[in-house]
Amino acid sequence: MSADDKSARPANVAVPVPDRRERRRFLGALGGLAAVWAGASLYPVYRFLSPQPAPDPFGKEGRAVVEKISPAEVAQNGMGKNGGYAGRGVIVFRNESGELKAFDSKCTHAGCNVQFQGAKLFCNCHGGTYDQTGKNIAGPPPRPLTELRVFEDQGLLFVARLAGPGKG
Amino acid sequence: MDERFAPVPPEAEESLPPPGTLVGQGLRALLRRYPIWPVVAFFGKKRVPEHRDTGWYALGGIAMLFFAIQVVTGILLMVYYRPSQPWQSVQRIVTEVPYGALIRSVHHWSANLMALALFVHLFSTFFMKAYRPPRELTWLTGLGLFGLVLFFSFSGYLLPWDDLSFFATRVGIAEMEKAPLLGPWMADLLRGGADVTVDTIGRFYVFHVTVLPLLVIALLGVHLLFIQLQGVSEPDHFAALPGEKKRYRSFFGEFLVGEIPIWLFLWGVVLALAAMLPRGLALEADVTAAAPVGIKPEWYFLAPYQALKLFPGRLELVGMAMMGLAAGSLLVVPFIDRATPSDARGRLVAWLGAAGLVGLIVMTVWGLLS
Amino acid sequence: MTALVALLAAAPLPAPDPLGFPAAPVLLQGLAYLTFTLHLLAMNFTVGGAVLLLIARLRRDEPSVHFWATALPLGFSYLVTLGIPPLLFVQVLYGQLFYTSSVLIGGFWILVIPLLILAYALLYAHKLTHESRPRFQTVFVAVALLAMLFIGFIYVNNLTLLQTPGRWLAKYTAHPGGMTLNMEEPTHGPRYLFFILPAFAVAGLAFMLRGAYLSRWGHAEEGQRSRRLGFVSVVVGAVGVFIGAAGLLATFPAHIRTFVLGGGLPTGLLTAAVAAAVVGLVLAFAARKAQGLLPIYAAILSFAAGLACVVVLRDQVRGAYLAPYFQLRDVPVNVQYGMLAVFGASLVAGLGLLIVLLVKVARPIAAKHVVVR
Amino acid sequence: MNYPVWNVPILGSGLVVAIIAIIHILISHLAVGGGAFLAVAEWWASRQADPERIRAFLRKFVTYFLVYTTVFGATTGVGIWFSIQLANPEATSLLIHQFVFAWATEWVTFIGELTVLYFYYYGWHTNSRRMQLVLAILYFVIAWFSLFIINGILTFMLTPGGWTLENRDIVAGFFNPGYWPALFIRTLVMLTLAGLFGFVVATRVDDDLKERIIGFAARFVVPAALLMPLFAAWYWFSLPVETHTMWHNGIVGVAGGRLEAITRYSWLAAITGGLIVIGTLIIAWKPRATTTTAAIALLATAQLSMLGGEFFREMARKPFVIRGVLYSNGLWKAPSKAPVALDQPYFESTRWEPDHATPGSAAHGEWIYRLQCASCHTLDGYRSLAARTAQWTPGFGDRFLQNLNQQGVMPPFQGNSQDRAALVAYLISLHGKPVAAAEVEATLAKEAKP
């Protein structure tokens, strides 16, 4: 159906054969709407797959027990060790001034667990280096390590958030 | 024209969207690079005869729809399922993971509807006599697919490791064990031991998520290819029509598109069933406790279960043999009933099939009620 | 009397709704009477019509078949729709009793709905196929008729159970699912006949009206036949009603019979109903021969008036049955003036629209569908 | 307990209501939307070069429409009313006494739309085209007004707004917070259904006309596809906060996948709603490939969507039938504020137990089930109690009944400790191991000691 045919008809009478271009526009718009509806109905799948918020590692009491390190292993100045808490890595050591320190051992660069090497905390993956205050002093790490509050209670070591609650 | 590109086949030009549009341009670019037009033309040839039984042709596609739902929901469930902690991980899915209960229920209901669709597909092709030469292998691959799907259901049923699934699997394999010769050997192989244990889950899980899907996809490909090559079978009353009275619809352009609203509806039915009748999770399987009251196999295994009850004690073997014979007769039917148009033997086969179907339904309903 | 007191103590009588009546009971009763009378007319028209259709089919009387085929689905739809308001007002007035009796026969009460659908669908199936594909149409009509008759029977059960709370507890204990009817009611049979048999009269009058219009539009022969056939049906219906009424009076408990026959309003209503029926019969006899529309319309009005008297009397009798248990005047009245006004206005608007449509377009439509081609 | 409870095995009385209602709701919405379709199509036909062919289609449309909406619509409408009387007499009574004149007005619209439709249908060959157009518009307006009325009563049950038993403020109850969004949602649904019904009828005419009609009918789906999310959101925010909580709790499974039904139904409605849009797209894209079966399948998909929506609405009210006023099992909220009343021996407050239900007997527990639970729960069918109590111990059951209303989806238990023991014994006995109430009480006493 050409444009001439159309103009030959009285203006107020529509053409029996549907206008192709109008039809395509309509289908396009409807297709867009259908895509939006279909997309929205995938939301449950998205929620199914999206991770649930991780539980607070320090729990209700605000503290977590340190695994694989006993108080005796950090009794002397300069002693320290890699251990774990709530499914994460931790480094606990006693510095030269006799202070007990703890850092979450996850490297701020790419997430490897750094190793306690006495004076420094060293990451074997890309050579990131931190000093005993957790400050990044060499290699790729962009930020200092996360420091934790550490204390002994009834023969066990516990860590807590620096500023958080938790008996200690 | 750059000679690295081939021209667009003229017959393709007719059915492509105008070159001005994005899709039209893209498809032409594709055709100039890869000579896929013969493949498209090959699939485009498929057509569906139009007669009073055309509706039955939709069943295969419907079963495939449910299979697709199974693949997607199955993959989703695998994200959280742990064969080492079967019950605990399913419980986590249904009580902790957002919409986990919904997705599991969809998987459950779609499995049931797939089995139902296949039953109908099997019997409709049987009564339309689509198994006759030259389509024997299409029929056999179809039967193979049906068997695989039943094994799918059987293996999937064990995975939640609750009371029901444990006893159902134990009973199912015990029946298999009674088969002469290979029975005990196969049962041990399936169970991974003398009894159903967590080890059995490992095996069933591997079957359920890798072996069976691969087999189904391969066999389904062959099944569909056979149909594509030979065309859809025509029942006698249609084949007898004079040529000018035979009417066809193109398969992909018309028949399949016309089916889409039906698929949408059936997908809605699955959702509605999942919403109204969510699949529950019974207590974790306790291998020491008594089987729960009123335990029964799923409906698609009910008919043999109920039929076996008719053969008490030693006679059970006779019953199993008879059922084996009935199932086996489906395998040989294309080689017995060969005449087109149907002859006396063909009619007899149809009547026997009808009797079998009635028996199946009666046994299933009886099993449901008892 | 002591037996009655004991009965009262045992009867589990629900309390009336805490909201009270939304209008004076008299008004609600009046609306119920009016709409119930209309409902009965539509019901009698449809049920009676189905019987006449069945007879016409058996006699291969094509013009009658055509008329009833078209008319019955219409009659049925008004029978259903006009059934709503009386049930609505009964629920306002006697809700706590009506709901209870409905629950007690719940299994059958809900059966009314599928039966309605079945009957309605069959009447339409008959209308749409009786010319092009005649096969089982007689069966359609027969099944539809049976369904309608059974619905009427369920109604009679419910409304008699409503007024006999003494039977409730035993019924509920035995059938918590409500798969039971009120079969121990002695007035059942006559009461049922009394409501069903007027169907012949109403359907007959409708057929006579058709005849009157046919004669007027120049189809003298078919018009004459239609009036003659219709009159036979009217006579059957009238006689049936009198038999039913006599049976009802005979089976009533003594105190109810005294209530009806002992003078006052009930006796007046009874007398008026009988008089109206007799007058209607005479008028119908006149309309059988006479040309013109006046006699037949007068006969219809007279019968309708008689029916209205029966409707009022029926409610009075219910009040007498219920007197020991419940009185309408015990329920507080909180009049909803605004809503009453809205309802009144909608009613006026509806009637106005109906009149406009009747004047503007009804005649050619009726002429097209009533006259046989 | 004012009224006896109708005990329907397997289905339960609630599902009987639902089955009838779901059928009715589809048809009643179609009955209104179809009016709009007729009116617009009459006008459209008059602007086409071949109006007579379009009108021949319309004649077909209105024949199917008339039979379908009257035979299945009007009757199931009465059916809903019958079934709610049986399933919940207390609530029905309250609604009837509050809204009787609203219903009476709605009845006037019923008679009106029926009559106008008959004049339209039977006057097909005798009325002028102008009159037909007027009648079609009139039909739509009257039918829509019936929605306007019933919508007030329906939304009242979920969000009674400023209405209370004491003030009986009918305007506040009628134009309640949920009224307007629900009205708009239902209007969109009506238009959609009219379009889908148009598809069905269009598959019964010649191919070239079929293509045009489908193109025309597809337009009726667009308003809903576009605006439904908007009005659904408005509706959502009109709902009480308890409903929101219930919905959020339902995202993860609760109690073995039973309590989160509301969430699942909302998704059923939404996803099948999307399927309708997709199906419309497919049908509009390939009108000639559309079969009658396919068009009916899409209409049936709409039925599923409405099932989801209406079940959502019903679930959103839990545990009430009239929110904040009357519980689903006929218990009034007001007296339950004073816990004393609930602690009395149960049979003192009900009239419907038989004499032989002596305390502690098996019948005691059974009759408590019948009168308090059976309006929602069957024994082993829909919302099966046997399944829900499969893992009960006496101690757990007793605690559960004491805290019955804590989860926000059940009414409080009525009765004293003896009643609880009787019910727990009855429910545990459902699993093939009969237990006497006295044993339950003994177990409880033993557990209480340490």
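To keep things simple, chains are lettered A, B, C and D as they appear, and every chain counts its residues starting from 1.
In this text, a contact is a pair of C-beta atoms (placed from the backbone, for glycine too) under 8 Å apart; a residue touches a chain by one contact, two chains touch by 3 or more.
Remember, it's a predicted structure, so these values are computed and weren't measured experimentally.
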item: Identifier of the chain whose CA centre is least distant from the whole-structure CA centre; value: D
item: Far-end chain from chain D, centres as C-alpha averages; value: A
item: Chains linked by the largest number of contacting C-beta pairs; value: C-D
item: Distance between the centres, which are taken as Cα means, of chain B and chain A, whole angstrom; value: 42
item: Gap in Å, rounded to a whole number, between the CA centres of chain C and chain B; value: 56
item: Inter-chain centre distance, chain C versus chain D - centres from mean C-alpha coordinates, in Å; value: 31
item: Shared-contact residues (touching 2 or more other chains) in chain A; value: 44, 47
item: Multi-chain contact residues (two or more partners), chain D; value: 251, 267, 271, 278, 285
item: Sites on chain B at which at least two other chains make contact; value: 96-100, 102
item: Touch-based graph of the chains, sorted into line, ring, star, complete or other; value: other
item: Pairs of chains found to touch, sorted by chain label; value: A-B, A-D, B-D, C-D
item: Residues of chain D touching chain C in the complex; value: 2-9, 13, 16, 20, 63, 67, 70-72, 74-76, 78-79, 81-83, 85-86, 89, 92-94, 96-105, 107-112, 114-116, 118-119, 122-123, 125-127, 131, 138, 165, 168, 170-171, 351-352, 354, 370, 374
item: Touch list for chain A against partner chain B, complex; value: 44-45, 47-50, 52
item: Residue ranges of chain D touching chain A (in the complex, touch as defined); value: 47-50, 208, 211-212, 215, 218-219, 221-222, 225-226, 229, 251, 267, 270-271, 273-274, 277-278, 280-281, 284-285
item: List of chain B residues in touch with chain D within their complex; value: 55, 94-102, 105, 249, 253-255, 257-262, 264-265, 267-269, 271-272, 274-276, 278-283, 293
item: List of chain B residues in touch with chain A within their complex; value: 76, 79, 96-100, 102-103
